[in-house]
Amino acid sequence: MHTEDIYYEDYEIGHVRETLGRTITETDFVVHAGHTGDFFPHHMDADWCATQPFGQRIAHGTMVFSIGIGMTASVINPQAFSYGYDRLRFIRPVHIGDTIRTRVTITRKEPDAKRIGMGQVIEACEVLNQDGKVVLATDHILLAKMKGAA
Amino acid sequence: MHTEDIYYEDYEIGHVRETLGRTITETDFVVHAGHTGDFFPHHMDADWCATQPFGQRIAHGTMVFSIGIGMTASVINPQAFSYGYDRLRFIRPVHIGDTIRTRVTITRKEPDAKRIGMGQVIEACEVLNQDGKVVLATDHILLAKMKGAA
Amino acid sequence: MHTEDIYYEDYEIGHVRETLGRTITETDFVVHAGHTGDFFPHHMDADWCATQPFGQRIAHGTMVFSIGIGMTASVINPQAFSYGYDRLRFIRPVHIGDTIRTRVTITRKEPDAKRIGMGQVIEACEVLNQDGKVVLATDHILLAKMKGAA
Amino acid sequence: MHTEDIYYEDYEIGHVRETLGRTITETDFVVHAGHTGDFFPHHMDADWCATQPFGQRIAHGTMVFSIGIGMTASVINPQAFSYGYDRLRFIRPVHIGDTIRTRVTITRKEPDAKRIGMGQVIEACEVLNQDGKVVLATDHILLAKMKGAA
Amino acid sequence: MHTEDIYYEDYEIGHVRETLGRTITETDFVVHAGHTGDFFPHHMDADWCATQPFGQRIAHGTMVFSIGIGMTASVINPQAFSYGYDRLRFIRPVHIGDTIRTRVTITRKEPDAKRIGMGQVIEACEVLNQDGKVVLATDHILLAKMKGAA
Amino acid sequence: MHTEDIYYEDYEIGHVRETLGRTITETDFVVHAGHTGDFFPHHMDADWCATQPFGQRIAHGTMVFSIGIGMTASVINPQAFSYGYDRLRFIRPVHIGDTIRTRVTITRKEPDAKRIGMGQVIEACEVLNQDGKVVLATDHILLAKMKGAA
């Protein structure tokens, strides 16, 4: 974790970075249920899950999102802030013992229509499992200052 | 938490439900940082925050989303599943000691173009603070079975 | 979780409700030890337990009680409060991987001798494992307002 | 924490022991809610509590019990096991910042009617706050081997 | 946990005490990563570890130290305080499922050169695994009051 | 967090790096007590601490060490591993609300006497509080491969 000034102009379309991996554990399931209050049996009842088509406990979507995005938090950029996320999709289930990592690709950027001197940068965030399959995808919208405006 | 069959036809546009409140504590900040690995000083360094325009620690966006959505997890509906979220926006900061609750409004529904016998239901989720201000907003996309198809 | 006014007169003897299930994990053992400070080897030392007649780690009684009762917390009733528990018994051990649920049966009610306008309602709480065996039983004493007195 | 053989005959009626103190924190409230799934606003919503007669968040009864009993877990006695608890009562509320300790008094003992060579020992457990007021009381029933029978 | 006055003169060279055992769980790995912010793949990524010579996740050194020392915290001695640790060494890896205990041997003592009426007591702390092998060793330096000086 | 090959020859004596800050919270105290099993009143009993010369709860030494070192975990260097720590000293107390950061200075290096092709690098680690005062100091011993030997 370090601090670095990155302006709108510095973001390069096509740039890709990838985090290290992290194994999702039963502990993470229990911690996330306790943190959010969502104790649905899909996440918490191994016996019931064994009777369902999906066969085993499934990670909360909010957890895959939170950990997947959390893993990308390595550079503090004082020249940008997070505006939100578009098209957040849960593509494949994550089970206990899966190992996930996140790939971030700069896919688009454009000056912000309403904020003079700012631009929107779109980071396509894909959370991948140990087989390289995408389990979650979303577009992160970053608002970054332009150099002239700084 | 209980189980109830709710089909596409059962969702009524304009229907609103609201959760009880929950105070966001310093503990939640520390738990979420530890759960996600995001120890950015915006969330964790009270002294540094005091020198910034925002003045105090700000909750992780992923935490407001996870807890805000978690609070809505009260009815298990075997006839629907979560497809994803659109337009997730962090509208106001959440600080230690704020009390949040979530309001869910059915705003739209339409038959799913690709999945015969299924329909998309849009739940507008708004996380509100103790002053009734929206701090986070997003559209939850639910895929629900139609009655005839069940 | 929702709020509902339930008066003494509304409780029906013989009424039964049952929670969904939850798998008790190694994480729960570690969290409960850390929360209570009880690190007895019966709960924490897998190697030593393997040399004992019970063969494997046993859940803290206080944990089975806390989670078993916690799972019943679904309706906030402003017209009643918890007075205490009688005859709390640990009937069978709970091990890592067991799935528990709680069955609550209204077994008795009577006007409270000392509190005019209040009545005692006894809820027999039984925590069951995945084989339907009772692992913990206790009588919950609820003090509920009478309608006339409200 | 150490191991010591204590037989039925060794328990002396009137013997009192008292634990050290522990301050109950907001963290304990959040951890207990997350561990048990009980997010009732009485424990979790500071704003709502401020509008109620009790004025502030109240500890879960199951938490005061679990921590109060957990603090007494200092001697492992292979000659006894816990049979259960009688008359568990929540006498005064515990709030964030209160400091509790537990006093254990041997109040009764008698040979067990059904188990030859065993006796029941009753430990009156009182959880006290910083003002020396009892907040929780219960009778712990211990089943201890008799010396001759060991 | 109890309080006992132990002076410099009371510490006997060669005295040995040993804690009970505790199984190190995957939960402890996840809790320690979250508590310290150290999410290195050596501790967190089971898949990557499987490709490395050590084959499986390895406990954080700081965790083995913290838990190993924490297990020795049983007697509060108002006549001494911890000055620090010398020669802290990580001798063998600790894996998920290993059971550790700590052996403390008084190996040396001498009057403190700078603090009149105080003496240094060296406790050799060895954390052992289930095979009796030392996994961590360090010398704890205790500063204890002399009786005359008290 | 990223991976980078750093050999013995690459370490420069006098090189200094400093982490960002982190506020130590009451939550950290409770989590560390629960993680290690050390519930000494110096860390856990606010009322008792108020009667002592130090006046308020003091962080566990093992926690300041674990978090202080954890904050430095930003670069994975496959060419070095941690051998241990020397002269770990607790210089000033850390209280709830203090903000700490860690400064790492390369102070010494020398070829390892026993391991051909390896060298010892000493990193002086100082944990500082919000006033810039050192609260903990220790020498970290790194064993790094030499370039020729790699």
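Think of it as A, B, C, D, E and F in the order they're written, each chain with its own count starting at 1.
Note that a contact is a pair of C-beta atoms (placed from the backbone, for glycine too) under 8 Å apart; a residue touches a chain by one contact, two chains touch by 3 or more.
Quantities reported herein were computed from a predicted structural model and do not represent experimental measurements.
The interface in B-E, A-B or A-C that matches A-E, meaning over half of the contact pairs are the same by residue number, belongs to A-C. Among the pairs C-D and C-F, the greater number of C-beta contacts is found at C-D. One finds 38 Å separating the Cα centroids of chain B and chain D. Contacts with at least two other chains are made by residues 1, 20, 22, 26-28, 31, 34-35, 37, 39, 41, 71, 76 of chain D. Those residues of chain A whose C-beta lies close enough to touch chain E in the complex are 20-23, 25-28, 31, 71, 97, 99, 130. Across the complex, chain E is touched by residues 31, 33-35, 37, 39 of chain B. Those residues of chain B whose C-beta lies close enough to touch chain A in the complex are 1, 22, 28, 31-32, 35-41, 60-63, 65-67, 69-71, 73, 76, 82-90.
Contact residues on chain B toward chain F in their complex (touch as defined above): 26-27, 29-31, 34, 39, 41, 44-48, 57. Across the interface of their complex, chain E is touched by residues 1-3, 19-20, 74, 76 of chain D.
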